[in-house]
Every structure is written in C-alpha cells, then in structure tokens.
Amino acid sequence: MTEAPRLEPHSTALPADELVELYRLMTKVRHLDTSAIAWQRQGILPGYAPMQGQEAAQVGSVRAMDTGRDFVFPTYREMGAALAAGVDMPEFMATHKATWNGGLYDATKYRFTPIQTVIAGSALHAVGWGHGQRLDAIREGRPETDLPTALIFLGDGASSQGDIHEAMNFAGIFKTPVVFFVQNNGWAISVPTEQQVAGGSVAARGAGYGIPAIKLDGNDVEAVVRGTRAAVEHARSGKGPAIVEAMTYRRGPHSTSDDPGRYRTLEDERRDAGADPIESLRDRLLADGTLDADAVTAIQAEAADFEEATRLAVQAQGPRPGAEMFEYVYQEQTEALKQQATQWREESEHV
Amino acid sequence: MSNLSATIEPTGHAAPASEDAMDTVTRTGSETLSMNKAINAALADVLAENPRALVLGEDVGQLGGVFRITDGLQKRFGAERVFDTPLAESGILGMSVGLAMAGYHPIPEVQFDGFTYPAINQIVTQMARMNFRTRGALPMPITLRIPSFGGIQSPELHSESLEYIFAHVAGLKVVSPSSPHQAYHLMRHAATRPDPVVFMEPKSRYWQKDTVDFDDPGTLEGSVVVRPGRHLTLVAWGGMVARCLQVAELAAEDGIDVEVLDLRWLKPIDAAGLAASVSKTRRAVVVHEAPRSAGLGAEVAQTITEACFGTLKAPVERVTGFDVPFPSGSLEAEYLPNIDRILYGIQRVLEYQRG
Amino acid sequence: MSNLSATIEPTGHAAPASEDAMDTVTRTGSETLSMNKAINAALADVLAENPRALVLGEDVGQLGGVFRITDGLQKRFGAERVFDTPLAESGILGMSVGLAMAGYHPIPEVQFDGFTYPAINQIVTQMARMNFRTRGALPMPITLRIPSFGGIQSPELHSESLEYIFAHVAGLKVVSPSSPHQAYHLMRHAATRPDPVVFMEPKSRYWQKDTVDFDDPGTLEGSVVVRPGRHLTLVAWGGMVARCLQVAELAAEDGIDVEVLDLRWLKPIDAAGLAASVSKTRRAVVVHEAPRSAGLGAEVAQTITEACFGTLKAPVERVTGFDVPFPSGSLEAEYLPNIDRILYGIQRVLEYQRG
Amino acid sequence: MTEAPRLEPHSTALPADELVELYRLMTKVRHLDTSAIAWQRQGILPGYAPMQGQEAAQVGSVRAMDTGRDFVFPTYREMGAALAAGVDMPEFMATHKATWNGGLYDATKYRFTPIQTVIAGSALHAVGWGHGQRLDAIREGRPETDLPTALIFLGDGASSQGDIHEAMNFAGIFKTPVVFFVQNNGWAISVPTEQQVAGGSVAARGAGYGIPAIKLDGNDVEAVVRGTRAAVEHARSGKGPAIVEAMTYRRGPHSTSDDPGRYRTLEDERRDAGADPIESLRDRLLADGTLDADAVTAIQAEAADFEEATRLAVQAQGPRPGAEMFEYVYQEQTEALKQQATQWREESEHV
C-alpha cells in the first residue's frame, strides 16, 4: 500500500502586487455576481447560479494554474474561475441567458471546458485529458516531469457521485496530472455537508487512493493560491493527482430560483459563512499599506465599469439562429439531419 | 370543494409510525388544484395509507423538492419516511431497490429528467429485473418520480424525454399525467402497485390549475380520449396534450374535427385505445417532444398501422423534436413541436394522396 | 490471400511512437477471416495509421479482451496505446471523452453490452453532446466497441441489444456489421470519423469465417441488400442477418423470393435504402433480438410505411424478442426470433387481407 | 470530521467443534467447486466461475452472520457463501446450468439475494435493505442496537465502480447496518490489484468515509470469522457500516472460458496464492489432535457424497418452461404481455 504523502502549502508567500491583482479580480467577480442576480430580477437573464463567498476559492485556484497550457474543468457555478481564466464574460453568461447551453466561448481558446450541468460529469474528462498530456510527453520523448495539468472543480455535493470516485481511482492508477479542487461550501442546494459527506471531509478521501490532499481556508485567497500551487506542483511533476479541499460558504441561494429560508436561517448564515474573502483581503491590504482608500475606490470603479460593459453586451446578445441546432450535432452532418433542417426552415421560418 | 378526513389534516407532527395498520384516506368532492399540488396531495395520501411508503431523493425533505412536490411531507410524516439522500442518483435507485427488498414501497425522486442517466444501470439491470430474476420472490414496488420534458426554458439536461428508454425496458411500467386530476389519481394508483412504475411529471404543467374530482378517478389504465373528434386523431402525452388541445381548437375553426388521445401509459401502450380511435378517424398524427428517430412516436405509429392498415387514409404522421440535443431556452420554441408544426402535420395527413 | 505491407507486420515491438506522421497501411487481395480476426486486423491498421488512436478498456491489454478482439495489439503498439483500465465503465467512457479533448482518438471497449449501462450517463450527456455544447470546438472522435446481442447462451446481461438507446440519441452514430468483410471495413471507417460511433459487434458471428476483400470495401454508408428478392424484404442487422438469409433459403423452396436487407447503420437509418427495397417488394418484415415494444423495429417499420404507404400490400411485420428480460441460455432459443417465427411473420404479410 | 474507529478482530477464539464444522463446510465447497469445473468440461454446465482459494473467506464470513435474520448479497462467485448459508446447491447451480439467471433458489427463504452479474450492482441494495432494518426498528419502537445486518460481497475489481463509493457513502451517512466484505483475490480477470486499486487497499478507503475497516488473512478461516464478527457486531449495534478486506487469491481461472496463462505464470500463482485455506486448517486440526486421519477421510467422503448427489440433481434439472419468461416479468402481468405469451405458444409450441 502506498502511503499518501502529505501536501504542504507552497512555501513562497504571495508578493503584494499579486495580492492586489487578486483583489482586483475578486472585486470584479463580486460585482458581476451581484449584478447577475439583479439581471435575473430585471429579466435580463432567465436564471443564474450565484457564487458569492467563493471568490477566493475560484480566483485563487485558477491563479495557481498556467492558463497557457493547463486546462480548467468547471461546474455551473464557476463564474469567478472563468473570469480569472480570462473567459469572455458575455460569452460565459450566454448559458445563463439561455443563448447556448455551455456558453458561447471557445473552450479551446480559453482552455476552459463548457459549463457543465451534470454534477461530477467533467471530473473524468479532466482525468482523460490529463492522461493525454502524459501520452503526449511519451510520444514526443519528453520526460513526464513538467506536465500540463487539469484543474477539476467539484462541490461537496458532487463528491457523492460515483464518477468522482472513478475519477480519483483512475487518476491514482494512471498518475494523472490533475488537481481535484473541492469547493466545500457547506451546502448542496438544501443538504448540508454533514448529511452529504460521510466522514466529514473530501480531502480525507485522498489517503484511500494514495492521493495527497490539503484542506485549507477557502475564504483566504493566499491560502488557496499556495495550497493549489503545491497541488499543481505535485501533479505537474508527474507524481500523480492531488486534492485540495477549500472550506468556504455558499453565501447566496443555490440559484436565483432557490429559497434558502426553507432550510437555513440568517443566523445560520452569519454563524457559518466565515470571513468575507474580499473584505478580509481588502482590510489586510489597507492595514499593511499596500492599498489606500483611493486605490480601493478606483478598483471598485473599475469593477463597476466592467460590470456595465458586460451588462450591455449581455443585453445585446440576441438568440442564436435555429439553424445552429442542426449544424453542431456532428462534425459530419447526416443527410437525415439536413432534411430535418430543411423541414424546420420551411415550417418555422416559412422559407 | 374538498373535504379531508381528520386523519390526513396536516398537523405539523409526524404521523404515528409504529403500526402497519392503514389510515383510511377519504378525500371527497372536487377541488381546483395545480398539478404540483395534486401530486403532493396524492403523495400525502399514499404516505398516510401505507406506513411502508417512503419518499426519498435529493432535497425532497426540508426543502420539499425543487418543484415543491414533496412540500410539507417531511414535517408531517417525519424524517424517517421522507428523507434527503446524498447527491447520487444511482445511490437513490439502488437504495430504493434494497428498501423494496426490505418490504418498503419507496417513492424516489430524480430531481430532473437528465439526471436519471447516472441511475440507468440500477433502473434497467436491477429495479426492472429483480422480480424476474427472483421468480417473483423479491418484487419491486417502487414508484420513480421524474420531473420530465421541456417547455420551461430550463438549463441543459433539465428538459429531457426519457420514455425512449423506459418504454422499451421489460419489467417497467411508465405513465405520464397531463392534468391535475390525472396526476392525483395516477399517482395514487401507481404508488400502490407491486411493480415498478416510472412516473413522468410534465414540468411545464406543474403550475396549471384544473379541477380534481376525488370521487371519480375515471379509468386508470390505458389511454383516454380528452377531446372526441371525427377527422383525425392527435396522439400525445405529458405537456404535449395541452398543446394538441389548442391545435384542435384552431383546426375546428377550419372545420377539421380533431380527436385528441392522451396516451398516458407509455408502457404498456394502449393498442386497443389507439385502434379504437383511429379506426374511427382513419388518420393520425403523433406528437412528442423527444427527437424523432427511434422515439416513442415510431412505436405509436406502428401500433396504429398494425391495427388499422386496411382503413388508414394516410401514413401516421410524426411531429416531434428534431434529432438534435435539446437546445438552450432561447431555442426551445424552435425545437419543440409548436402549433404551426402540428398543423402542418395535420395538413399533410389530410392532403395525403396515395402515390 | 493477404499481402501485408511490411510496416504492419506484427513485430512484437511497440511501433515508433514519437511522430504524428501516418504509417500507410496496405492490405491487398482478400483473405478468409473470422469476424473477431477481421476486427482485430482493422484495429491494428487503425493504430498503425493514426498514432493518436488508442485502445482502452477492461482486459483489452495483455489478455487481448475476453473475445480476443484486441489480441496482440498491446504487444505490438505498446502499453501506452493499448491499455487496461480499472473496472468502471463510466470511468472508461469519461476518460475517453477527456482523451478526445486532448486530441486523441480513443477506441474504448465495454466488455459486454449489458455493462454499458453504468456508462450511459457519460455516453448520452457527455460523449454525444460535447461537439454540440462546444459548437464544434471539442469534437468527440470516439469509437465505442461493444460486443453485443445474444445467441451464444451467455450469462445474464451478456446478451443485450442496446440500439434502442443509441439510435435515439442525437450526436451518436451507430453501426453493426454482419460479416467479417463488413466488420473490417466498417471499423476502419468508423475509427477514422470525427464523430462518436457506437460499433455493435454481434458476438454470435465472431467465429464465423468469410472472405474479406481488402481491395473493395464496397459502400460504407447506409444499408446493403445482401440477397436480392422480389416478394418481400426482410430487414435485419447484426446476428439476425445470417438467420434471415437462412430463412430466405427456406422460403425460396416454397417459391417465395425474399430480399434480405442488412440495415448496418442503426443511426442514421438508411430511409432511402429501405424505401428502394420495399417499393420494389411491397412487403416487409423487420427482425431484431431486442424486445418488441419501442424497439428499433418500430422506427424501421414506420420509416418504410412513411415512404411506401401507397404501395405497401400489408403492414410491416415485426418479428422480435418478446417484452421480457433476455432469459437464461436454456430459454434463449425461445426468446430470440427463430426461423419458424420469422417464417410465420412472412406468412402473415403474404396472406394479409385488407380488413 | 469523525475519526474512523479501528476495528479489532473479535476477541473469542473459535472452539474446536466450530473449526471442525468450518473444515467440513470448506471441504464440501472445495469438492463441489472442483467438480463444477469438471462438469463444465463434461458438458453438464455451460460455464462456471471457480472460487478455489476463497473457501475460507466465503465460508468464514457467512459463519459470522445470523442467517436467520441477516441477509447476504453475493456476486457471481459466491458458491462457498451460498453453501454456508444453506442455499440449495442444485438451485444455486441453475445459474451456471443456464436454467435461470440468478438461480432457482428462493432468495427470501435463504436470505441470500440472487446471483448478480453486474459488478457492484448489489452493494446499494444491501444499503437499502439495511436502512429498512433501521426503519423497522424505529417503526416498531425497538432500539437500534440489535439490527439485522447485511453482508455485501465485492471483489477488488468491483471496488473501482462508482456504485461502491455511493454505497459506502450512503451507508456512512445513514449509519446502515451493513458489512462490506471485500475478497481481494489479487485479480479482476486479467487485471492485478495494483492496476485496479489506487492506494493499494480497499480497507484503507474506510477512513475517508468514517467507516471502520479491518484487513485480514482471507486464507485463515478463523481470522475471517473473528474479523467479520467484529464488523457485524459494530454494524448490528447501530454504529453504522464496517469494511472487511480479506486478502486471498483466485487460484483458478476467472471462469471456465478464461485462460490465465495469458496474464500470469504458474510461478506467479505459486508465489502469490498464499497458504491453501483448507489444507492449512486440516493440518492445524490434525496437529492439535482435534481430528485424526480417519476423521479427515470421513469428512472427505461426506463431501464426495454431497458432490455426487448435487451432480445428479443438476443433471436432472430440465429447462424451465418458456411460459415462465412471460410469467415473472411483473407481479401484475399486462394484457400486451399475455398476448405475446399466446403468440409464443402458438408459434413455438404449436399450440
């Protein structure tokens, strides 16, 4: 039996300018997230999955990746991760606008797979993709010690799915360069982690697969970056997968159609949410003199501008032509489907 | 107006749980209810009558389900009988199989149609076959609830039509109600059967109100003609029944008298009911949301053709979803059979000339 | 007699794996091969030609698969390109999706038809939809091999017909060969396509030998008429094609000239081929192993009816498995369409009188 | 996070008469297993899944159960478990004779579910059944401290399936009275455990779910009985599930159509198989004087008689009438199916 090595946070503390950059990103994310909820109320978006409270986890984990060659596998709640990865936000929001399921962005360009609605659906893809990076190295005669690495997002709820187990086991067997990044935000819709995760911790599952794991404060962006860096370093160097469990809190509703009042009180939320990841970072940067009040105001103004530009683009986003339904089913379209497209045009567009 | 006997009045307390004796549930008269409320009432009655009936699934407890179908049931019947599971559909179905083995009647919910796929193995290889495998020793009285079909512009994989699988699998029975009345009575019926029944709830109809007559369930087996007509039979189920009724109204303005048949049971299919209707109208169009190829419409059409070949005036027409993945909300109206497309289908049948 | 170019002669060593340049594979002439050997040869050629082609699954490596379809491939192409996975079908398919994202062409094997069920979620919600979801950015060139159907008295869940699922799912293509020649060429074709193809191998034909003509694949799309005839069309696929050919021989003794159409592609279905055959014969029987209800036979029958309604002499007849779980080996012959039952079906069609 | 309690073997050593009884059972099992392989060669059975080497694991684990109220959930290789549970052997062999998939025995009578071909397919059933035992206790107002308990058989290969993870997690969350009994026999067809189980041990997975586990010598029947007793005691008393990993070896081929020579050598087998569970028990009982040579001969003769009687019954077992295909699909048969049965009778039995 292999003993799972312990994973220690990366030793290098983050320099001030990197923390400012993270603060800037997280502020943008918070702005956009808060706005998207408002957009839903205003009828701009039919629905949205808020991620308030998870900014540090999402922005910090993507920060630890090399976005030029790694690949990110999100769920449906990773707006912050997408923004940190540079994904075009109106194209990302296209999923929530019901313009195109998965988003309009080019997954290969941003190295960020489409939004996934199937809980745990993408974990095995990341393992397959990561295995492909190993095979590439072998085919090209490179040593397997500097591998492009996959970042897999999953929730505490997702950890219950069989696919997560299969992904962890496959990754362990094939020594795949992947990082399982668990945002343990305390809830899967109305079900709290205690009723979800037997044993209480997803990180604790690692040992059973011989996978090193680290559990960290998901509201502390520096802890997230350093923990994830350590995990990525392990995976990238060919030693196999790693698990990061970022303890955080879903401060908002599950989605804009959820009513959390049915299963938790405001008191619960106040007690369990922990530190606000953005406010605490701001306070720290103000306290140590890295930022002053003006700089904070400027960063917030920048976020507001970004939000406004995004809103305009999302509002301007028209529906896709129905013909695309037929176009993207296959790379090689079938005759049968062409005929259906023709019938659709005749009957629906009266062409 | 509904008169509930005292025994099923919500009390906020768990029902006495220590005896197998059945409470008698008597709802009398009639009431205007939305379909989600009607199913909720049926589940409450089933739980009250059968102390071995259980409700389980993701978020069915305190939340009452994302569609509130199980609203209030945990409060009333206790967290032992109405309980949340971890987030794993294979787990939910596999656990239900085991609970059935222990003598319970589980009523699992899969939160949305598209998330039934992780449970297909347990449904097809276990739930559907256990009675056969054990030669009847371990029956599977399981009522699997699935909020189904499209029509409410949901995210990806929240709008699927899974009858293509269920209707083929030996050992399953499959039903889909199209109205609150049907929903109430079919649920009470399904949840007291000794065999596994997949209960496909048309999400798009959840909030539509209509009269539920508690005194007269009507027939519970087979299809029902929900609008009689002479010129052509429209066959549909779930959310498409209402749309076909609209189409029939429009067609009537042009003097076309359309019969609408609500298939209801998707397994077994009511071949006699189909034959009776189409041998009268001599023309049929089947409408469904699922893609056309190898969809249940083919079975319906072929069943009709086998019975009515000699008298059919035209081949049975299919108006269905296209052979594409169910698209995003903004394209839903392009994908689903709409009134125009159904009318075109009717026209093709009426104008058919033997070639 | 087969002439293999030197590059694909088994060497016992891994092929040079460091470049993407394609080896040219030239098999010429013809050879008598069993179907399992023919598929093995096709896989070898695909692996030789495309350094990004991979074979994976349970026991496909050193063992060469429980049916030896991948025999020798690991030895020849190395354990990186032909590898065993842990025992988890969802894992195999999910990993294949990821490998496709990384630019590979995975050829996963599911060991037996019935064990595809745990992978249905990855097949339907991921593999089949990824090209659509990403608007073509992440295509899924995956060739999923499944030893399929019954006929060899296997244990439970080793004899299933899963086309009822695959043929309905948008984004999939589905093919089933009925002879070694078809198997060789269809595999080479399927495994070079940019879209996911489910390759359903009829287990009962694995050991049947026949000539493979390497020079002339024939048409690779659509159905093929494997026996021309004038009086009636028998439509079948997989293992049932051979049985239908036997039936045709017997019927010929009674002066009935049966055309046998091997459907081959189960998605998309060759509507034009079906129409061409049946517009000539004016009568059709479709034969399959799967249960009848909502089986692919309904789609075939309805497709024929839509095209040939005006000229059909009788409703298309279906001779299929019954609506029961595939039974144990000793009852297999009772379950599967046998010669008698197919002849009865033919008789019903020939004797049909409009009522 | 709950700390998974360590599981220690049951403290009471097995009395001599119990060991003799186990020896008797294991001898019968070995006889029947060896014979069944021969029957396959002779054409009596179309196929068979040998379990040589796993007699101690199967007989010992069932011995630890209360067969009057517990329930056993086997895979396809549990002939020894079935015999120990008292299942009628010709009815059990009906699966291998292709008479009826799952076997002809009454699952409720023997409290032994039908033979399961789907790897990992039954684990969740056991969890559901076990949860039912808890609900029974609650309904009947009994304390949940003496619960009927489920014994789940699974292999090292099966541990890779998502369903096993879901079963362990559900069992952990619901504190279900189940024992996961893993026969780690080194192989899943041709795949060795090292390529199957990341981390190397299924027992080691327990900690991640807060489930106590024990890894023991599966070739030592006393170790199996005492380890499983400890696990059952834990589960029965309402403390939740337990895991037993019995390290053993699949001495025969995977099935009668397998050719192990393709993936392991005879040397490998000799090196890895460990002690023969039956011979070592016999030697022990001879050495400590519990048995003498005559007694051993008598036990073997008894096994031979049993084998002979079973063979005769298996040979005499005719096929089931085809009408049963239609009879057992439902409890409430459908009209459509009745019609198919009629057509079948007309066309196949010419009635």
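Letters A, B, C and D mark the chains in the order given here, with residues in each chain numbered from 1 onward.
The rule we apply is simple: a contact is a pair of C-beta atoms (placed from the backbone, for glycine too) under 8 Å apart; a residue touches a chain by one contact, two chains touch by 3 or more.
Treat the numbers as computed from the prediction; the structure is a model and nothing was measured.
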In terms of mean CA position, the chain most removed from chain C is A
Comparing C-D with A-C, the one with more C-beta contacts is A-C
When centres are defined as mean Cα positions, the distance from chain C to chain D in whole Å is 36
Expressed in whole Å, how far the mean CA point of chain A lies from that of chain C is 39
The distance between the C-alpha centres of chain A and chain D, rounded to whole Å, is 43
Chain centres from averaged Cα atoms put chain B and chain C apart, in whole Å, by 33
Among all residues of chain D, those touching at least two other chains are 100-102, 118, 160-163, 166, 169-170, 173, 195-198, 324, 329, 336-337
Among chain C residues, those touching two or more other chains are 86, 88, 90-91, 114, 117-118, 121, 125, 132-133, 156-157, 170-171, 268-269, 293, 322-325
The answer for chain D against chain A in the complex is residues 1-2, 4, 160-166, 168-173, 195-201, 204-211
As the complex stands, chain B meets chain A at residues 58-59, 61-64, 66, 84, 86-88, 90-91, 114-115, 117-118, 153, 155-158, 292-293, 322-325, 327-331, 334-335, 338, 340-341, 344
Note: in the complex, chain C contacts chain A through residues 17-20, 51, 54, 80-81, 85-86, 88, 90-91, 93-104, 106, 118, 121-122, 125-126, 130-139, 170-171, 173, 193-195, 268-269, 271
Chain A contacts chain B in the complex at 46-47, 76, 95, 97-102, 117-119, 157-158, 160-163, 188-191, 195-198, 257-258, 262-263, 319-320, 322, 324-326, 329, 336-337, 340-341, 344, 347-348
The answer for chain B against chain C in the complex is residues 90, 114, 117-118, 120-121, 124-125, 128-129, 132-133, 156-157, 163-165, 167-168, 170-171, 267-269, 290-291, 293-299, 301-303, 305-306, 309-312, 314-316, 318, 322-325, 352-355
